[in-house]
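Structures given as structure tokens follow.
Two complexes come next, and they have one chain in common, chain A, joined by chain B in the first and chain C in the second.
Right after this comes the complex of A and B.
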């Protein structure tokens, strides 16, 4: 039988540094969208199953390796572990693995880079660690999450990987060129 | 122009998709008759001043919103989730 090898959306691109910022492709593990059924109380069962709080709108919980990221109206994304099948009683669980490009952008000028691409105030006073947003990166629908002091998790559809890389590189170069 | 999404907060217009007058929230019954359906599908008042509209927060949370906007001045009066109006 043929042995198939999974390729990441950016084809295991090595980390790319431009100016003071670094862009890395990251493997989030299994991705599952969790959409609670009308009236279902998912908070306690989710916490019991995965050890992190069910995220409120515009918030993300967990840490590297296992995150729960609010992903839109009545939907959150579990990134890392496979979902506990018991949660199917409360919510529709849909496998999204391989469907998203995930990168981490970090560096002391990361907010300047993102200010060129995202129509949101991502300064630390407004957008703290654990805050997340569904918005746009240039013209791509995206998920933006602050995962560290100078570090963001950015996600777009897998098919947009090349455009995401292009837009981020352009913005990083343009910030770097301003010295 | 910015819209205050009840879920996401104040967001730029580019994140939203405009659907039109909010008459779509008042769908007639299947046996309401041809005149009611014709009115629902095709006839709009097109008045100046405040208008209830449907906008989708397409590039954000995905929710449908009923936005009351003054079509003469573009002033946004209220924004509510369409889900909270219907049913």
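Right after this comes the complex of A and C.
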């Protein structure tokens, strides 16, 4: 019997360094959008199930391997573990594991690179570790999260992986060319 | 000529450049303009309309004359002001607007014909005969008009956009701006200091004035280096803030690579910034204005402040025997600086009666320059005094009519500047831009001491508004001499006295406009074109309206200004559209089968942002029709595989999910059983069809809706609107899962054969009848199977998580090929669905109703749904609407074309006889002739009628018979069987 082979959105692209920044495709594990039903008190059961706080708007909780990322109005994205099935009492759970291209962009000039693509103030004073936003990367609908001092998690639709790579490489090259 | 011992240029770094093919030398730190003047090149351009010889007038971005093309080929930049172009090794500049050469320009005959070419000339001359406009006049004017030209090649250089944020944006880095930035920075707030020049310091670099005992230029350099060392300060040199917009947003153009020979690898030529600032301080300085007199545009006639800038910053004297013509004290410094540097000053002519000499030079008070002599370069001037006209030999006349504060930015949100009599200029009206303070020369305060003090004060006001703790900053000592101006706009006399150098507008033109009753300033501007060139009249606006005020007998404040609009100085469209070149134009959405499809040689077509295969050619096929016919045959006879992942998929969950579906679909969904699929039709609120598709019920409160590829975003937005705005009380959650699932159609009589053996458990008709759905194992992977058909065949759609899409597609195609079929593309998909009369957005284009497409029965009468009321409007239900029909050829010509229109026999194929139009066509290999869908007036009851299809564009006429849109297997036995 033939076997179905899995492929990542960027096809396991090796990390790319341009200038002082590095771009790498990352495997976030299972992705589940969790959208609480009307009046559901999900904070406690979510914390009990996954050991991290239910994120407030524009915030992400957890750490590498298990994060909860605010993902829009009334919805957060659980990234890492599969969701505790009990949460289905409180919220609509939808598997998104294959729907998103996820990359980490890091380096001491990462803010300069993103300033060319994201129309938000991502300076560390305004956008600290654990802050997240649904915004744009150039023309793409995106999720942007600071996951380290000089490190961001960027997500766009899976089908747009090639364009994400194009846009980020162009911005990285521009920043690098300024010396 | 160069002057020893002067200037901020680096004489240890010589630079070679070319102008109109001739090689010259300059130094690092020069602008192209200063280097040309150092080489005694005075005639550098031809004017726009009369092709008069022109020289460098200014030393800044307001330059109207010295526009040049820099570089060669695709990356050449036209209309670059030589005064802002930094010199670099190998720079190549060419003059513009002259033919065959700058020295001998054929169109300079225009200048001789000037009496016939004044203001309003076009409007009066090219009126008649009317047909001449398009054929003769316009082509001629277009050839004569314009300055520099684009190469016509694709620009290979990159441009970019970027965003910046700060607490205080300081615009301009002269004494006021530096002081403002310094003061604001002490409190720790985030400061951006932007200046259009490569070297910050503004006029301090162009003057000999001292600050705290040191040279102004040194003070500026020290401030800049201290600011550069602060973490909370961002210096943006070579960055022109171009506009003040809503919400504290400013546009700014950074010239990133214009000062180097070519754009560095990976780099950009320009960056267009959007700067969002909580507060701003405008310290944009002022622009010296000219005085109109006869032949005041001779090469060698310059702004007095520019002469000082060339001397003090670049170590260049634009002349050997310089004269000065002024109406204020400030300009006398030009004479003093020149004398100090050892340059001969022939005379200072001052229009004021009480003018005092401030140094040891010949002063002619109560005198005016009345003419300039020397066509390609100034040789002498005529000076009119009480005792008569004296001719003075001079090769450079430094003119100052006073200063105009750079109020532009304060007017970008519809504010108007205020006239201030003592300086005879407009100054900013406070509060014109929310959050903006103004300081220094742009505020009408010209003395250096006042600039420094106002800069500090403006920053303090900003800090206070921000609630930041401010530190008192010591304001250094500086020059505080008075400006003392008496207005002088134009010297009376015959001949053409120029106001707007870039558009060749003279005093006479403005007076003529007034005489012909174009007396409002906005009318005068448009009639004479004053201020409408690329410099937007920076040098001439105030003088022109002063002349207009005089001609109409009104005061200057009553006459008012024209509207200042962004950008402050020209911005290339390449910068505004940055990032949208090539692949940056729009995201490319690629399905998981993309790689395999491209490898199979399939040409891709765009469907919205998606890329989908047109057809999969085999080696012996030479036309797309051959491939398409074959692929249709596979689906009808064996089995075909098509990637349908691009269709929108929306996960709907919650106790009220069924209610939502009932509300957005016209037909009933709450009765749908689990593991079943139903076709649904959606209307917009206005009663027209929005989209169609199937929705599957996966669980008690769990559905997955599919939309068309084209309307996936629209339907998602619609559901968001319904759940957020119309029924926020319903407990239902929606989530797009389009990207999560790779979904493939498996269609054809052998579809089930293909699936059995691939699926972990085999399927049959009893378990999986038409319109069933459910979870299946696909080689151990959990997937979904839907028995639905867009081809009219026994068909399924199989979905797996996208990571397996590539693999599953290859597997499905291999299995299909083993059964005598294979992959099919959009062309075949289209023919298959037309044979079955299935609609796409070619049919439901936003103007058709459910009745129009024969789906009136789908409008449920048992429930309310979006669009139900409006769909019953008389206009949407009455007879005479175009309705969906099938079309087939009924005469000698067999071809049908989409977009053609339908006419009755005996009627001219003209708009007023239009009976309908063709929306979709394809050659049906199944039936052996073309089949089409279209909309024909009352078409539902006209099956059998024979009409004429006329394609005016392609020149095709075909007799067509109207028929049922379902051409093939109308009973649907193949789908169910």
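Keep in mind that, in the parts below, the second predicted complex is superposed on the first by the 179 of 179 C-alpha atoms of A that agree within 3 Å, B and C clash if a C-alpha of one lies under 4 Å from a C-alpha of the other, contacts with A are read in each partner's own complex, and residues count from 1 in each chain.
In the analysis below, contacts are C-beta pairs under 8 Å (C-beta built on N, C-alpha and C of every residue); 3 or more make two chains touch, one makes a residue touch a chain.
Computed from a predicted structure; not experimentally measured.
*Asks:* Identify the partner contact of A:133: answer first if only chain B is touched, second if only chain C is, both if each is, neither if none is.
*Replies:* In the superposition, A:133 contacts chain B only.
*Asks:* After superposition on the shared chain, which partner residues are touched by A:170: those of chain B (first), chain C (second), both, or neither?
*Replies:* Touch partner of A:170: chain C, not chain B.
*Asks:* Residues of chain A touched by chain B versus by chain C: which partner has the larger set?
*Replies:* Looking at chain B versus chain C, the one contacting more residues of chain A is C.
*Asks:* Just checking: does A:4 make contact with chain B only, chain C only, both, or neither of them? Give me first, second, both or neither.
*Replies:* Touch partner of A:4: chain C, not chain B.
*Asks:* Based on the superposed arrangement, let me know which partner A:119 touches: chain B (first), chain C (second), both, or neither?
*Replies:* So A:119 meets both chain B and chain C here.
*Asks:* Residue by residue on chain A, keep only those touching chain B in one complex and chain C in the other, then list them.
*Replies:* The overlap between the chain B and chain C interfaces on chain A comprises residues 73, 119-120.
*Asks:* Quick one: which bits of chain B touch chain A in the complex? Just the residue numbers, please.
*Replies:* Touching chain A: residues 7-9, 11-12, 14-15, 58-63 of chain B.
*Asks:* Can you name the residues of chain C that touch chain A in the complex?
*Replies:* These residues of chain C touch chain A: 158, 160-165, 190, 256, 264-268, 274, 276, 579, 583-584, 586-592, 610, 651, 653-655, 724, 731, 733, 735-742, 778-781, 800-808, 811.
*Asks:* Considering the complex alone, what residue numbers of chain A touch chain B?
*Replies:* For chain A paired with chain B, touching residues are 57-58, 72-73, 119-120, 133-136, 141.
*Asks:* Along chain A, where are the residues that touch chain C in the complex?
*Replies:* Against chain C, chain A makes touches at 1-9, 18, 33, 35, 37-38, 73-75, 91-92, 94-100, 115-116, 118-121, 123, 125-126, 138-140, 156-163, 166-167, 170-171, 173-174, 176-178.
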